[in-house]
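So that you can tell them apart, the chains are marked A, B, C and D in the order they are listed, and the count of residues begins at 1 in each.
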Amino acid sequence: MDEQLPVQVTLTEIKTETPSVKTFFFDRTFAFEPGQFVMVWVPGVDEVPMALSSPNSVTVQKAGDATGAMFDLRVGMGLGIRGPYGKGFTRGEKMLAIGGGVGAAPLLPLARSDCVMTLLLGARTEKELLFVDQLDESTDVIIATDDGSLGQHGYVTDLFKEINPAVYDRIAVCGPEPMMRAVLAAVDTIGFAAKTEFSLHRYMKCGVGICGSCCIDHEGLRVCRDGPVFSGEQLKKSEFGHYTRDASGRKKKI
Amino acid sequence: MDEQLPVQVTLTEIKTETPSVKTFFFDRTFAFEPGQFVMVWVPGVDEVPMALSSPNSVTVQKAGDATGAMFDLRVGMGLGIRGPYGKGFTRGEKMLAIGGGVGAAPLLPLARSDCVMTLLLGARTEKELLFVDQLDESTDVIIATDDGSLGQHGYVTDLFKEINPAVYDRIAVCGPEPMMRAVLAAVDTIGFAAKTEFSLHRYMKCGVGICGSCCIDHEGLRVCRDGPVFSGEQLKKSEFGHYTRDASGRKKKI
Amino acid sequence: MVVLRTEPVTIGGVTLNNHLLLAAGVLGTTGASLSRVLACGAGGVVTKSIGPQPKDGHAGPCIALLDDGILNAMGLPNPSREFTGELSGLGSKPVIVSIFGGDPEEFAEVAGWFKGMAAGLELNLSCPHAEGYGASIGVNPDLVEKCTRAVSTLGMPTWVKLTPNVTDITAIGKAAERGGASAIVAVNTVKAMRISTALRRPVLGNRYGGLSGEAIFPVAVRCVYELYEACSLPIIGCGGISSADNVIEMMMAGACAVEIGSAVQKHDITVFETIKNDLYAKKGIDPAEIIGCAHG
Amino acid sequence: MVVLRTEPVTIGGVTLNNHLLLAAGVLGTTGASLSRVLACGAGGVVTKSIGPQPKDGHAGPCIALLDDGILNAMGLPNPSREFTGELSGLGSKPVIVSIFGGDPEEFAEVAGWFKGMAAGLELNLSCPHAEGYGASIGVNPDLVEKCTRAVSTLGMPTWVKLTPNVTDITAIGKAAERGGASAIVAVNTVKAMRISTALRRPVLGNRYGGLSGEAIFPVAVRCVYELYEACSLPIIGCGGISSADNVIEMMMAGACAVEIGSAVQKHDITVFETIKNDLYAKKGIDPAEIIGCAHG
């Protein structure tokens, strides 16, 4: 197996990105492919998967005990990290990226690798838009907000209807699952499902493909090892957008 | 550690060399340095160290339960072998080799590697001389027998007095310990102790330098790992030639 | 290298496609995952362990990957009775449901949910006793016998998975036998711990965990060997098996079949096909020729 | 990476040159070998186990080298009382004599031979009871207490080495504590077996053996951790330690010092210097700052 005990990192900077999202920078870099995740150990609390937003940062929305505990951490405190794990985005040359809310986190390193031509960025409201400035430096950003406070009044799926998908070789999507499901329907209509990849989020315990907590129906694909990035073809007939499972394994509607 | 479980070999030929010595040929070759030994597992009996007389043979004198059981084996039967272990002879270019009884066994591969100019070979009687023909093919053999039935009437130490040691760059000795002790005294007198190596035999259990059964006084050198080949300088002030230890670790005079 | 002939095999009342089962707790969470592993060549699959109430399991970290094994403390997460819904798509496939409970009544209750739904049941005894002080049910022969009987009386094949964390595993094996077990599975994980010297605390959220994988293979072989001498039940070996040679070794120790878990992490799901390629051949021998042959 | 300050340390009544001891059964057969290991940097040395009568030990093979450990069944070979002659040249060096017996009387008898000759005694409890059916003394708390008391009353530092092959090692630790032990050594080898699939028989002459080395390090850490919570005695960790980080981990679990055995086979006698170079520094911390710190 080669020993993969967590390595300790010390927090060097904590940046509040939006009212519900922070980026935690640490003192070690990890070589990773955009879309891969690390298992982050908040000592004394829990260990949860988080997407790397750069070689030395994770960007996180406060959502449960572990992320809640992280939000109470200060610079100089420690975390344990193991990984990166999983299958990241397949890189194209002229990509379209679609991100919603904290889903923009793994799309930032993708954009910074100079393969994304256009990025459709959505959030509920202007304040919740993530990484607008950073993304602007690497790609063309088109914005939509649910409440119209910035950019188009509506969803990224509305933006998608207005662009010409044919100019892109691949599409990368990351955001709330209902948004991603809607994008899958849209790309499938135009025959782009195979060239579109979605980064899934599922409850994980081990992160390395053994416990089965993150298996999705109906092929039994493991989000931590066969994903978290999947193609639209893989997801079309899956539970994606319909239900997920909780820590005990019980199904929960999305 | 890298797994070193015994490998199975099948006996392909059993050759009676002398009334008390047999060579057992098997169906696998082992890369080894002359002087190294293998741990030979006689299934259901014991596991004991034996010198390799060639890449696919051990030459053995019947001396206890394990060797006794080996003498009852037939072609087609199996043994377990692990190794080779230990430090073999340092190769010179113009070596003198001195062998007594079954001690000639590790000297055969040394002679066959074309570095031995002269080999002094001793035994109690002509019938107990080992590998005379084979050695004759690779080096100049001078013989002594205790009873004078062949060659000089006397010991290899007598032969040693009659040769000129200065023409040799190294000396390799293997045989009964009293014989080897006498040779050590002789080479030490002429300042050759550092260039002379002796192959020791001690009771062994593990063969890999952990149990301590084969440690010799007074430096605690391990015959299986620091030896079995030692220089005369290492042995001068040791138990060599004086006492050994039995399976329980009690001292026994030689 | 011994090779076996390819054939289905019936052990402890369950007919398997081959001798290699997926061990409990490894990818056995959903019907889809169990199907996938069967399609990847496993001869049978054991599910995650199902208990009387839904459980989220322990706080993480739940796993630590070592050089020669895995340390885990999942904490028996399971959806309880809802799991029956996962089995409907598996029909008559060789699926064994792993179950646990805090006492014989709970074992019987959980077992009852799966009657007619699976090829058999495997009792996970490495679970806390309802009123115990942390010691697992599996260390107490009397409790093992009672829990086994509570399930075996329901009439389904009842395998009992033993913990190696006992002074005398043969006493536990005999207790399972008295309780009417159809087969013994040896063994579950070895109680262990690692500490992060960087973070100065145990690497697992639960502190203690179970060690599996290559590190415990010699312990598992020894347990199978001891149980083969002490008990008359068929034995299924489990613990660090990752190659065809390991399977043969387990059989020589006395096992009729094996369960594979940690190797699925190290070598991925293709490990079943890999082992099958080395293990089976048309002209292979009948395993009966080697099962227990190391007892000479 | 934590580094410790360089200093002698007194544990369980014995003053050691540093925290790294040679474990029993490894090169501890002769005074010359013990001296050599001390000269190679060990802070103390434990001898081979000495018993009431001379023993040749088991028929071979006595050892099997695995990828991640060693399996051995030496069978307690020892020269018995004659061993006192090996100690005369060691003077006041930190030498601990490992002893065993079949009952408390034999333990006391053997211990008596070494009074005034060694820095302390370590009881090897992984030996058969004189009238037992193969089970070792170390699985029986009552016997452990009696054997410990029989030796501790003689007044020498008395370390008790526990076997991990029990359901509850804390019960054994407490028994040793009641018996007057000066320190607990955790742990001896894990009962295990390997079978040669080529020769179709166990690789060891004795069939069963003890597993040591890296494979059992997580078991040893867990035992030290459990004993640190259950007992008040100083604990010496043993089992698969081969690096400075392992030493620190053992200390965080609760150990004051460690014994090293299998690593001497894998890394040779220079392992003590290698670990010391990584472990100690002039500006290192007092180990007391980390001993037991993983108990948070």
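The rule is short, and it goes like this: contacts are C-beta pairs under 8 Å (C-beta built on N, C-alpha and C of every residue); 3 or more make two chains touch, one makes a residue touch a chain.
Note that the coordinates shown come from a computational prediction; the quantities given were computed from them, not determined experimentally.
Annotation of subunit B and subunit C: jointly contacted by D, touch as defined at the top. Taking each chain's centre as the mean of its CA atoms, A is the chain most distant from subunit B. Between the Cα centres of subunit C and subunit D there is a gap of 33 Å. Mean C-alpha positions place subunit A and subunit D at a centre distance of 51 Å. If you average the CA atoms of subunit A and of subunit B, the two centres end up 69 Å from each other. Subunit A and subunit C, compared by their mean Cα positions, are separated by 35 Å.
Residues of subunit C in contact with two or more other chains: 66-69, 194, 201, 296.
Residues of subunit A in contact with at least two other chains: 44. A linear topology is adopted by the chain contact network, the touching chains following one after another without closure. Annotation, chain-chain contacts: A-C, B-D, C-D (touch as defined at the top). The touching residues of subunit C, when paired with subunit A in their complex, are 25-37, 48, 54-57, 59-70, 72, 74, 77-80, 82-83, 194, 196, 198-199, 201, 203, 205, 213, 261-262, 264-266, 268. Note for the complex: subunit B touches subunit D at residues 1-8, 39, 41, 43-48, 65-66, 78, 80, 82, 205-213, 215-222, 225, 245-251. Within the complex formed with subunit D, the residues of subunit C that make contact are 1-2, 66-69, 71, 135, 139, 165-168, 190-195, 197, 200-202, 207-208, 211, 214-219, 221-222, 225, 245, 248-249, 252-253, 290, 293-294, 296.
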